[in-house]
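Following this message is one structure expressed as structure tokens.
So that you can tell them apart, the chains are marked A, B, C and D in the order they are listed, and the count of residues begins at 1 in each.
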Amino acid sequence: MSTLQDVKARLQAGCAAIVAAEDRLTEADRMVGDGDHGVGMARGFRAAMQALDTKAAATVADLFRITGVAVLSTSGGASGAIFGTFFMSAAGSLKDDRIGNEAFVAALEQGLASVKSRGGAGEGQKTVIDALVPAIEHARQAGGDFQTMLEAAAEGARQGVEATRNMRGAAGKALPLGDRAIGHVDPGALSLMVFLTAFARPVADE
Amino acid sequence: MKGKKIINSPERLIPEIMEGFLLASHGALTQVPGANALMRSDMPQDKIALVVGGGSGHEPMYTGFVGDGLADVSVMGNVFAAPTPDNILEATRAVHRGRGVLYVYGNYAGDNMNFDIAAELAQTEGIETRTVRIMDDVAVARHEDRRGIAGAFYQVKIAGSACREADTLDDAAAVVEHARANVRSIGVAVRAGSLPETGKLTFELADDEIEIGMGSHGEPGVERRKLPPADDLAREMTRMVVDDLPFRRGDEVALLLNNLGASTLMELMVVNRTVRAMLDDAGICVRRTDSGAYLTSLEMAGFSVTLLRLDELLAHHVGSPCRSLGLTQGIGA
Amino acid sequence: MKGKKIINSPERLIPEIMEGFLLASHGALTQVPGANALMRSDMPQDKIALVVGGGSGHEPMYTGFVGDGLADVSVMGNVFAAPTPDNILEATRAVHRGRGVLYVYGNYAGDNMNFDIAAELAQTEGIETRTVRIMDDVAVARHEDRRGIAGAFYQVKIAGSACREADTLDDAAAVVEHARANVRSIGVAVRAGSLPETGKLTFELADDEIEIGMGSHGEPGVERRKLPPADDLAREMTRMVVDDLPFRRGDEVALLLNNLGASTLMELMVVNRTVRAMLDDAGICVRRTDSGAYLTSLEMAGFSVTLLRLDELLAHHVGSPCRSLGLTQGIGA
Amino acid sequence: MSTLQDVKARLQAGCAAIVAAEDRLTEADRMVGDGDHGVGMARGFRAAMQALDTKAAATVADLFRITGVAVLSTSGGASGAIFGTFFMSAAGSLKDDRIGNEAFVAALEQGLASVKSRGGAGEGQKTVIDALVPAIEHARQAGGDFQTMLEAAAEGARQGVEATRNMRGAAGKALPLGDRAIGHVDPGALSLMVFLTAFARPVADE
């Protein structure tokens, strides 16, 4: 179980990690896309940090929605739509002021479903989906508390990112690369991993 | 090598470009309040609306083609980043006149998703939209995956004319779909441009290499090779375009030679000879030639060749009067 | 670094460019037999003729501005080399209609001498000529030494309109001289272009440097410095132009932001804001803005700022209808 | 004294020397001009070689005129007008089928006068004039035969070229350089030297 306060701090940490990883994300996109992924993600998640700071939230859903709206309306590009949709859709079921393992997994699943239907891509097409799917899998199978589950999710995302290295480009700007995309990880998947890793780090009590 | 740009800061770039366009338009354009979007100031009351847009960095596309007989509003994303749904939605509301709104933009994951979200939001407000994605780039094999490149020029021109004349939104959309079925392009990159945010070149290309089929964001093309003589290159590109549709003996076409940024009109004119000789040989008759910078990719050097097959309908819409920063034809002072 | 061009061979370049222009014009242009010169096909019988020209490498200048309301013929020299007297003379003969011929070209030693020789030869054939040299570049201190740069656009536009309307050759020349007295420009170079014949860059500039006042053949300017923010650069260039004439409070002007080749419209629009803000502050009112590639210097990156002070006469001639590959305004389809 | 045949061979040699010096002339123009001097000179003097080969000449004037017309109608640029004018004007007085020292000096002087009036430049402005003037001076003061005089003229041109090194730019494309032109020789002056040096080389009898 996690409190509203805790989730908010974790979201903030996730956003901050994206902003800090800007150059790394951009560099990944230079290899398989148009070299702007970090720029757009940093723009969106910086806005999300600010929104989380200033906007009132009564439920975990509010927090996710605030994050999603900020990203959707600030990032632009494919990642803005994908990550914005993901957070807004994940918010759907989190109507409480706290969140447990099951609700979290359900939220991720809802996010995944919306990302799939929004972008039309499936698994194995070298997108954020390929980090999200193993993250959900690991989270679902993780025993233990909320913290343990989050760490499992982050580890799943990490493995997912690695798996994208061997995938050919089949969606987004990596598509025309086809086989030439092999050897490089997917920038969007990397972003999800960066976010989840920071989100999974225990929040120090003030 | 890094880019070298006359800008202030990447963060202020889009609003500054917008302000520059507004001033250069001398009142012909108006900013959509609160949005990175410029609309024509003389938007008629009773018109099917045409919304275009995409990432910035391709100027004059799309903002240079807003005006009578062209687009009604252009939504400007950040450099190489599709605009956000809220900006698209604001633009949609601003030009909606009760007869529906046509979206015309390039077929990229980012644009598709952001425009689709906007369309769904517009739907909830009772604004009907139709979408025609530009997908003229023959460098991509699978038709549904094709990117929108310089063919956007003819499609926006035709869409603008169709939205001015059509009876219904569906009729207008049908005209633009018909145009899409008849337009094909191929590009070549000679030197990379650089992103304002990172200063980095969008791709690496050796000093004696070119890449045929490179996309307008530096996405990979079909073949990298040593810089060939202009005639060889033009022949190959023309062949790729002609064979794809295919264009056939007896066809009449419009030809666009588009400068991707840092190429010269000189080079385009050299290429033009060979394209025309090839088309002559194939019995394809060029009725109209447009040449210059229509859809750029920052300061990338390179160009693209676009052919649009003309029938009576398309010839009419391509040739109809229009007025904008980037193209004015057939309209009195 | 070397240049990288889509051409066939430097030797065939000029005839090939000419052929490309001819084809792109779809009959609007005709080659002057035996000369590197393109004239309008619809040259009226009873008109004061306007001959323009210079070295190639500045396209669309001049050939892009041949047509009704603009020049009657453009003489094309080799790259950066003034055309030869015999080519100028052939062009002169081709458009002469008994009412005299006006020569308008940039003030460079080569152009001056070659056009003067042609004028003397024309004289011996009973063809009267007048000459107005374009000399708008404020980077050169002594007025008589000033080079012709992008101000050529307004001068050709005005000359074309004046030659269509004036009663006598002297009247037409007087209008263009009046325009010359009211037009000022300054350029900045960001990156060098390369000569097709040698493949060499026309100058060396460090990766973080620009040069203010650089000429359109890479001739040295007034100051080399670290790349400044766009606003600082635009302010300084505007100040140089305004102070030179000087333009004064209450003046109305046309503003040309000219892309020297590889700069982007994006950058021009960023610059436009600051130019406008400066002019606003100075009480100078911009009535018309032209932006894009009008007079290039091969693929040089950089741009220039031109101001033309408008009175009723000049406003009329700048605004009058015209039609050409490079500029069409106010003429029905 | 020199025969029509000899003058023709010398002119051919001068033209060939210009063509051979293309890169050097261009490089000189890169320093103080627009980097095309050799290109234009080679174009013009290659045409002159051809014209000398194919066109009939009854007098030395014909030879000079053939050279001048070819350069004027082929080179373009400042140098085309300057060198074209020079040869055409120098032709004026050479109505004979042979040429002596006095006639040669007079021809150079006539050429110089026309170059000055055509281009409006005077001495010391870092142009071809600054090679031409000392060439004429040396030729006039040279005792001896035609060959000796030509060698003196070439030496004068060489000294003139060196002197342009210390001149500021004051005409043509070097003008805006002003003081920054100091240290570099004038390309047009260099061309004159290259031409005269080859012209002064004794022609081997066939």
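The rule is short, and it goes like this: a contact is a pair of C-beta atoms (placed from the backbone, for glycine too) under 8 Å apart; a residue touches a chain by one contact, two chains touch by 3 or more.
These figures come from a predicted structure and were not determined experimentally.
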Subunit B omitted: connectivity of the other chains: A | C, D
| item | value |
| --- | --- |
| Intercentroid distance (Cα basis), subunit D paired with subunit A, Å | 75 |
| For subunit C paired with subunit D, centre-to-centre distance based on mean C-alpha positions, whole Å | 32 |
| Centroid spacing, where centroids are CA-atom means, of subunit A and subunit C in whole angstrom | 54 |
| Sites on subunit C at which at least two other chains make contact | none |
| Multi-chain contact sites of subunit A, meaning residues that touch two or more partners | none |
| Graph class of chain-chain contacts, one of line, ring, star, complete, other | line |
| Touching residues on subunit A, where the partner in the complex is subunit B | 26, 30, 33-36, 39-40, 43, 72-82, 85, 118-119, 171-173, 175-177, 180 |
| Partner subunit C, residues of subunit B touching it in the complex | 1-2, 4-9, 13, 16-17, 19-21, 23-26, 56-57, 59-60, 64, 188, 190-191, 207-208, 227, 229-231, 233, 257, 261-273, 276, 286-289, 291-293, 296, 298-299, 301, 303, 319-321, 325, 328-333 |
| Residue numbers on subunit B that touch subunit A, as the complex places them | 10, 55, 77-87, 108-110, 113-114, 116-117, 139-140, 145, 147, 195, 197-198, 200, 202, 215, 217-221 |
